[in-house]
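Shared chain: chain A. Partners: chain B in the first complex, chain C in the second.
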Partner chain A sequence: MTSMEFSPQTIDFTAIMPIIIISAGILVTLLLPFAAKGRAKIINPLVALIVLLAAFISSARIWDLGRASFDGMYTADNATLFASFIFIIVAFITVIAITARYCPFLRSPDGEGLFASPEVFPLMLTVVVGAIVMSASRNLILTFLAIETLSIPLYVLAGMNLSSERSKEASLKYFLTGAFASGFLAYGISLIYGAVGKLGYHAILDACSPTAADYTLYAGLALVAVGFGFKVALVPFHAWVPDVYQGSPALISGFMASLVKAAGFTAILRFFGEGIVPLYGIWWVAIAIIAALTMTVGNLMALNQIVLKRLLAYSSIAHAGYLLLAVLIIGKEWSEKGVTAGAPLGDAMQCAFFYLAGYVFAIIGSFAIIWWLTPSDKEGALLEIDDVRGLNDRHPLHAALFALFLFSLAGFPITAGFLGKFFLFASALSHGFILLVVFALLNAVLSAYYYLKIIVAMYMKSAPEHASLCEEPSPNPWIYAVVWTCTLATLWLGIIPASILGLLGSVSVGG
Partner chain B sequence: MAISFEIVFFGVFAGIAVILAIMMLSVKSPVHAALCLVGVMIMLAILYLMLHAYFLSVVQIVVYAGAVMVLFLFVIMFFYSPGASDPSRMSVHFTHIAGAIILAVILLAVITGSFLLSGNVSLTEKPSAAQMTDIEKPIAETSEAPLTEETSRMIEKQNPQLVGRMLFTKYLLPFELTSLLLLAAMVGAVVLARRSPPAEAGSAGGDGND
Partner chain C sequence: MLTAYVPILILFAFMVAISLIIIVLSHYLSSRKYSSRERFEEPYECGLSTGGIKPGRYPVKFYLVAILFVVFDVEAVFLWPWAISFQSFREMGYSVFWYAEMIVFLGILLVGYVYLVGKNAFDWK
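For the complex of A and B:
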């Protein structure tokens, strides 16, 4: 990394075009309500959707080009771009689902999350910018700021349902743990800077030497890992997840469970893979133990949950545990081969991204269904398994789609979840993590129990006396569009994975 | 000898910072907590000063102490509603004034100290042509290599310039991202602090029972 003469011409604007577009969108959606008054309800989400579409296109245009900007600090390689696609699609889906509320010609489910404030759109776009920068960053300062840019709007979004005490509680809890995590991260980064004198991942890579022990560096790395652990909710840094996911409006929970996890893991893979991979011999044990703990604790805690959102929250913790396998694979692969610019990302990234893509649609779909079914006089935070008993008799379509998403999360064949787990575990096995894979398989079986519990309740039990579900789930076309998109994506990834795998095969580390 | 001197000073100021931070968490009154936070910020400013980051140190005082004082006022506004018979209200008044005086004195000390320590260089001194053309060099060195004697001397001379240059060239992207971050934080604070329920959230907000 040579420091070159700086001038505006040295900035590669095509590389950062997606975030420029979305940033402009943030300002427009923020100011538009003042100009458009009442019509902002329709115009604002429309602008957000157009902006996301433009960002998607501008990302697609630089696919395979391996652009980097700001002296390698920001890299728009294919890994970044694929992650950006996931973030943008997730945001797109969520915006549409939220828009369902604003839809003038049909009533929409008002159970929770009265998104009366148009600020929800600029905040969501800010989260997307944070996520994209997080996945593109190769510098700890930028990573830190990106994580904050992602988190702060989320604290607000979690508390968006101003009429709900639980939502406020979720917001506060998320904020406090988030601030705590940022503290760890910042302290870790400062220790790394103290030890290495640099913050770029490549510089850290060069400075990392497995032979000469540098305990300041190790302490810094450990603290940074803890900070990341909080963000993607690894055990033992997971305690905030159930309360936050339960209290937040369901669509926002889905948004957090999918986008934040995807962004966090992309950043983790980049930092561990491109930054501290020479120290693989030191960190792999810790990561392996955390992975085992995360899956097991997540699944065990989910077993006895009766509130649906809480159950999904714990299951999302377990999924983070499986995804940690990818970090181990990438560490092993690259510590043996060495990282070279332009090399294919290899198994680990491919598995992780495929898993993420599958997971994202299933989890958003599940939360969207919960949101859809919640009656207007009840808080979705309290929707229990008992409430969906006999759902098949009343709303067969909803039951079927919900079951499909749960099957995908559990990893049953023909869904994306199955292939995601299959590729990930197979790759881990071929890299020699036999014990961990056995552990993960046992966990997957364990998780099937609680997913099936919901499905059994929906199909094999009779409806409760007084239905606490929405009698007539809104036939709003927007929400149909969202749920069907998730369904098709789940099936598409599960049945014809080659299309995505082909795309991922060309994912490579940027120069 | 100089090193041990530095370590002693570091120990003292870092220790005070830690104690103040703990006090900030343990005191009951939010006003006292905010004051302790101001204290922590000032201690950090002194640590920056010891690292020869004079400009940063002054900025720390001006921005943080200033920002925290605003926060401080907000706390009083939100938590001590007028008319409520709160015994701590009087003491708030006095601590406020006392805090302001202490801050003013420390600010003065820090600013004059920074000038004294940095020699006769004033912040408004115009850089010579040689310095201007050479400016990329110290930037590259500070970010990519451990400090050499020469570099640290150059930093001393052109601290604000250096910070500004770094901020708007090498670290332009993080800088811009920060502005986005602050915008989001501001919007978020407004959204969450809005008192009226969503149904009456103003003309722009739309109503909740569509």
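For the complex of A and C:
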């Protein structure tokens, strides 16, 4: 690690160009609604989309270049960039869909009790900035700041639907648990700083010694892990998830379940892989237990859920458990080989990112279907398995696409979810986590039960006699933007994985 | 090295001891009068009978004052170290960079200010 002295030479503007562009977009979209009146306000989401597109292009331009900025504190290596692509695509399709559904100046004839704030767009862009910085950060303070940048707008977004009590409840619960998590994180960081005297991941890597027991450092690491655990909803820090995902507007739930989890895991992989990997012998047991607990509790709780959004929330917890396998693989691989700048990330990172990409599109697609099926968020929060009974007879397209996303989440072949699980478990097996893989496989079987329960209800049961909540799906054409993108991505990753794997194969540790 | 923490240990011991002593003393010294059953359902307020739950109303503009305070206070907090660091930046030959950094920062805060004006945050009747 170079000296602590900051010098302006270390700023690489190309590396941080995506976040500069999006930040500028935040300011513009915040002020534009004052200038534009009435239907002219459509320009606001348009600006958001253009900004995301520009950020995508500027990220793509530095692919493979391994740029870093601020003395290595911010690294735009391929892992960051691949994660950024996921974040930007997710934000892009969510912005389109949200504009269509909620903005009064664009309202489709079916109408909607709307949360008509143009602030949605700057808030979502802020979340994307936070997510990108989280995946790029190699310094605990920057990670902390990025997590806050990501979280605070999300608290607001969760409560965006002011007419819904559940939405407000979700916002408050998310805020309180989030604040709690930030406390853990900040305290853990301060203990690590006390023990090591440095905050950069590489400095921590150099200072970590597996032989000399330093309990201040261990306590700090444990607290930071708890903070991360809250953010990506690992058991036992998962209790907020069902209420928050159920109460938030469905698209925001999808946004949280996909983007936030992906951002959290890239940050975790970086911290555990590049920061504290020498202590692998100490933390692997804890992570292995949490992984087993997370998948089991998530799946067991999902078994009996009747509300679809809660079921998806618990299933997203279970997926976090599978993803923890990647952390273990990376820890094992890198603690044996040692991390060197420029080294390929190896198949651990490859399968983690592949799994994330597959999971992200399946979960956001599922939430989008719920959103599509219900006239407003009030019904969306209460949509039950019984309500989708016989959906195939009424709305075959909805049923087919929902089934596809559920198959992907469950891990059935020809979907991204199958290959994601396959690569992840195979890699874990080859690294010797036999017991844990057996556990994960049993869990995957368990999860198939509740995913299939929905599919059985849609295809093999007759429609309920009582009025279903999803009699009249919104005819809004904009939803296609989300649903078809997710469908395409799920099938593409599932059928031609080589294209993405080839891309990921060139991902390497930033210099 | 650990001897430096002895005062803290003593402090902890005092804290625990005093709280224990007070609890035990109050158990033996206090007269016991159980009031009616409803008393137990009220919020506990250090042994006094409560005045009931009074949410009260306060003008929402205080909330805006707090947000405004953040906007302007954060500005002041960062201006101070910025001003002090000028000399070292000039020695490195980065005066323009030093200046531009703060302009960007103030520009972002200015957007926040304009947003507040646009939202009629200053329109106090």
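We adopt the following convention: the second predicted complex is superposed on the first by the 477 of 511 C-alpha atoms of A that agree within 3 Å, B and C clash if a C-alpha of one lies under 4 Å from a C-alpha of the other, contacts with A are read in each partner's own complex, and residues count from 1 in each chain.
One rule holds in what follows: a contact is a pair of C-beta atoms (placed from the backbone, for glycine too) under 8 Å apart; a residue touches a chain by one contact, two chains touch by 3 or more.
Note that the coordinates shown come from a computational prediction; the quantities given were computed from them, not determined experimentally.
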Partner chain in contact with A:289 - chain B first, chain C second, else both or neither: neither
First, second, both or neither for A:30, with chain B first and chain C second: both
Broader residue contact with chain A after superposition on the shared chain, chain B or chain C: B
First (chain B), second (chain C), both or neither touched by A:306: neither
Which superposed partner A:435 touches (first chain B, second chain C, both, neither): neither
Touching partner for A:142 - first (chain B), second (chain C), both, neither: first
First (chain B), second (chain C), both or neither touched by A:123: first
Set of chain A residues, in rising order, touched by both chain B and chain C: 23, 30, 34
Chain A - residues contacting chain B, complex: 1, 3, 5-6, 11, 16, 23, 26, 30, 33-34, 37-38, 40-41, 69-71, 73-74, 101-102, 104, 110, 114, 116-119, 122-123, 126, 129-130, 133, 139, 141-142, 145-146, 148-149, 152-153, 155-156, 159-160, 162-163, 171, 197-198, 203
Of chain A, residues touching chain C in the complex: 7-8, 23, 27, 30-31, 34
Chain A partner contacts - residues on chain B that touch it in the complex: 136, 139-140, 143-146, 169-174, 177-178, 180-181, 183-185, 187-188, 190-192, 194, 197-199, 201, 203-210
List of chain C residues in touch with chain A within their complex: 89, 92, 94, 97, 107-108, 111, 114-115, 118
